[in-house]
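What follows is a set of structures to go through.
Below are two complexes that have chain A in common, paired first with chain B and then with chain C.
The block that comes next holds the complex of A and B.
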């Protein structure tokens, strides 16, 4: 188990105008899974490769259990990386691929053979020792790549987009395998992904990066319930943003006055946000933290229904578009054109700074 | 169930469906397009080789010999000179191909790095590719012969008492001058090919090996070299075939006896006695057969590698 600390880690590529990674500081707890999440080109793979030692940082430090590893060469860093496109050595068999790391360490052949068999059993691929990589499916290649990384018992396991090359059903199998293996070995695991759903399912902690900069770091739930900015909220599927002005616990919006005691203590221009599934829809109710609106469209999604509602306040300002998700039965309960009451529970409301 | 019994084992590559035969019009079009190139190959290469084979079997109608026999082969295979020439040719080809391969791989390893002035170094590295071998041979004579530039320099620096004391690097029994000329030319040629192959392979596999604990040497030995081996093999087979069959450099820089096989064939061919012509052609056919055999072996080996 190894705790990884990134301290103001920065990478500027030669000729690059902006840093690929800028002042990235994270404490990655030992024995946990941490996701580096962000859109393409946000610097997450660069950060991962810096941890592996494959890219030299322009500034900052990387510490394993409090000791800087910047001077430790990649091959001695014990941070093994499994790549997005598996990168199994095409001239070697499955068993040679898996045993590669042990061979490089001079482990004797009999021991290597035994460990390879154990690893193949672990990743549920017994009997494929003699196959060549081109004779394996994508999912099998990914399992072999994982076994090849695990056999050397690394301090830190680095996974670069581990599921992105797999189709849907293989993804869920692989996801479960990664979690199973991670828990069994209690490995500090850092993985890179652009898929927020993948990050939420796999990770204990998520670090969200945009343009090389850390936007938010914390447990997955925080990104849904307590996003730090509109951009973070939108990346995690947030769609409802109502402009407002906060004074004390009151937020004045075009839809009326809302109260949210649990929201951060921001005063001034804010955006009130709430997830569509947290809004309660009613045909006649009234009360605080609510507004009236008219249903513009509805979509039946099988397990739930999604409504677009134009909500209005008492002021002469234009209506605000709000999305609401209800149970599947909602589609029979509410019709397009119907006037409804929206209730926004104060404990579900969150505020983010209004971006200018 | 987690994943246990639900493992799908990839099927081995199945036979590809057979291509539909071309329509007649399509075939005719293809033949017309390929015609000129095929005509050149048929007349100049196959035709020339066929004529050489006929002459090696004693078919020389211009001096009244039309009976076919393997007498010329029997004669040259019974001569010690032939075997000495064969050994010399093999030595020249193996030494120059082996050394050029090593230097080319080393150069490509350096040239694939990013460093200041890399474009200029690449330019200089490729500069001699269009220069003919003959010019290279003259350059070797000028530099390395006992009356050449280095011999005079060594004499002026009082390293030797007379230019004639300079070690014999040209017209010598170990064919050092010839090998140097081939190295000068082939290293860059092979280097460019190997570099292109290295760049197409990329550095990802080596990075994967590096995080698994492979040091620089292990990455070269177990990852990079096997991956670029098809490229190295094809480049080295080209160099070997050329150095085995070329005659102008051994003619200019080689000793009189034993001479390289192509020089031996040339000497027989230019002999005033036309009765030597079948032997000249027999040597040429043997050179061609040897190179063809080599290419066949190469194709088998490279197919084996790519199948892996």
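The block that comes next holds the complex of A and C.
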């Protein structure tokens, strides 16, 4: 039950040219899961370690429920971090690992033993108390690490790449486990990841960082439907960017005129973007917000089909490459070389600033 | 182990022989003279054994206290001038100890450390410390300091982090470094002679003087006493020299 506020949090490493984290301001809601997302080296782990108290910020402040914790040492901060490589203490058994935090707090042995057993049941590893870390599989180590962090009942749970070292079926299992315990304890959880898919499936809120700077902060859908820049859109798999000129609700592009009532940008040069799965393909129909194109290639992907289309407008300008994703049946419906009509629904069109 | 002990058989025979001349395989006359001298109330042997033990244990303890932080700095961190520091740490192994000891002797006289137990311990640290630092550096080179961060995050105070995380991880290095330190200090002759100035008599000093006097029985008995503690230390620590807990020739435990 803790709200975490980062206020212009900055970290400059000695000898580093650019700040690892620059003026990061975030309000991380109480009892929710928040992802710090970004490519490697974007400063997300540095930010997480600053919240944990393992790295001292160069500037800015960290507040838990409105109270600065900068003066609180790591061991008293109650923001427990679970590291990426599990880091189970190799010279201790599973139960000693899980009970470590309680032992450090001077809890008596019988109570520790009981709580360890409860925790092992919670992470669905009952009866493994006496095992050594090297006798566990990667997924089991991950769950022991989670139990070890949860047993001290932290105010804030910090996870570094919680799903990254697991294979596909363990990922979904671990994801459910994290969400399960997070909801049970109503824990404010912050995790770091480089994988946008991991962020989307696990987080209520995502903070996207590039080069130590916050790019966008909001629920996962916003990154798909309403990206703030071309870079953000591309990081989330956006591929269609059509240069245009906005005047009111009209966007003039090489493919013709498109209507976009929802975009918040000022009039002028813009990039029109739409997700490939939101474009409708048709062999004949016509109407507003459309363009013609020729199918260059198609890939059948089991559950869906992906087309590369060269679209052209009426004006004598070079064609624009557009990617379209349809249902799997689309691969039978449309052939390479075929001329098709693309329909871009106006409510699915989004505008980002044209970058120079 | 039996093969290891075989060379000590002649020593054992010498220590209880009275007459033993070529070509006899075993002594022709036996005697407890050497051993009864060793344990005689006014012999120099037992005080020398005590001096040797105190000096070797103190040197070992001090060298480990120096070796842990120094080894951590050398093995874990990269800093400007590290190569120079590495050479300086190795220097006492390369430079002949006599050359160093002569100069240090002058300084020790000025500070009243010459002819004292403390002075001998300090001068023993010169040949001992490089080995301990290098062993600890190799342990820390394979050490992941994130375990300490993890422990702190889980609520361990700095003292608890050392006790429960760092210490168990570097224990193999401490044991092996301590073994080296003990054995080097235990068998040190020249530096003890120079700095001890005849006031601090350790076993090696006694051993050399008996060997010079040509009393084979007494020399052999003293040699056996001299070897004893080193063997005991080696046996106690052997599990750290090989196998999963090995501190040398590979990784430590973390």
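Going forward, the second predicted complex is superposed on the first by the 355 of 356 C-alpha atoms of A that agree within 3 Å, B and C clash if a C-alpha of one lies under 4 Å from a C-alpha of the other, contacts with A are read in each partner's own complex, and residues count from 1 in each chain.
One rule holds in what follows: a residue touches a chain if its C-beta (ideal position, glycine included) is under 8 Å from a C-beta of that chain, and two chains touch if they have at least 3 such contacts.
Source: prediction; values computed, not measured.
Participant: Following superposition onto chain A, is the placement of chain B relative to chain C best described as a clash or a fit?
Facilitator: Aligned on chain A, chain B and chain C clash with each other.
Participant: Taking the superposition as given, does A:135 touch the first partner, chain B, the second, chain C, both, or neither?
Facilitator: first
Participant: After the superposition on A, what does A:91 contact: first (chain B), second (chain C), both or neither?
Facilitator: It touches chain B and chain C both.
Participant: So, A:104: does it touch chain B (first), chain C (second), both, or neither?
Facilitator: A:104 contacts both chain B and chain C.
Participant: Is A:56 contacted by the first partner chain B, the second partner chain C, both or neither?
Facilitator: Touch status of A:56: no partner.
Participant: In this superposition, which partner touches a larger number of chain A residues, chain B or chain C?
Facilitator: Of the two chains, more chain A residues are contacted by B.
Participant: With the two structures laid over each other on chain A, which partner does A:173 touch: chain B (first), chain C (second), both, or neither?
Facilitator: In the superposition, A:173 contacts chain B only.
Participant: Tell me which partner A:80 touches in the superposition: chain B (first), chain C (second), both or neither.
Facilitator: both
Participant: Hey, what residues of chain A end up touching chain B and chain C alike?
Facilitator: On chain A, the overlap between the chain B and chain C contacts is residues 49, 52-54, 74-76, 79-81, 83, 85, 87, 89-91, 100-101, 104-105, 148-149, 152, 158.
Participant: Please name which positions on chain C make contact with chain A in the complex.
Facilitator: My answer: residues 144, 146-147, 149-157, 160, 164-165, 168-169, 253-254.
Participant: How about chain A: which of its residues touch chain B in the complex?
Facilitator: The touching residues are 49, 52-54, 74-77, 79-81, 83, 85, 87, 89-91, 100-101, 103-105, 124-125, 128, 132, 134-137, 139-140, 148-149, 152, 158, 173, 176-177, 180.
Participant: Name, in rising order, each residue of chain A that touches chain C in their complex.
Facilitator: Interface residues on chain A, with respect to chain C: 49, 52-54, 74-76, 79-81, 83, 85, 87, 89-91, 100-101, 104-105, 148-149, 152, 158.
Participant: So in the complex, the part of chain B that touches chain A is made up of which residues?
Facilitator: So the residues of chain B in touch with chain A come to 2-4, 6-10, 12-13, 204-205, 207-215, 218, 222-223, 226-227, 305, 308.
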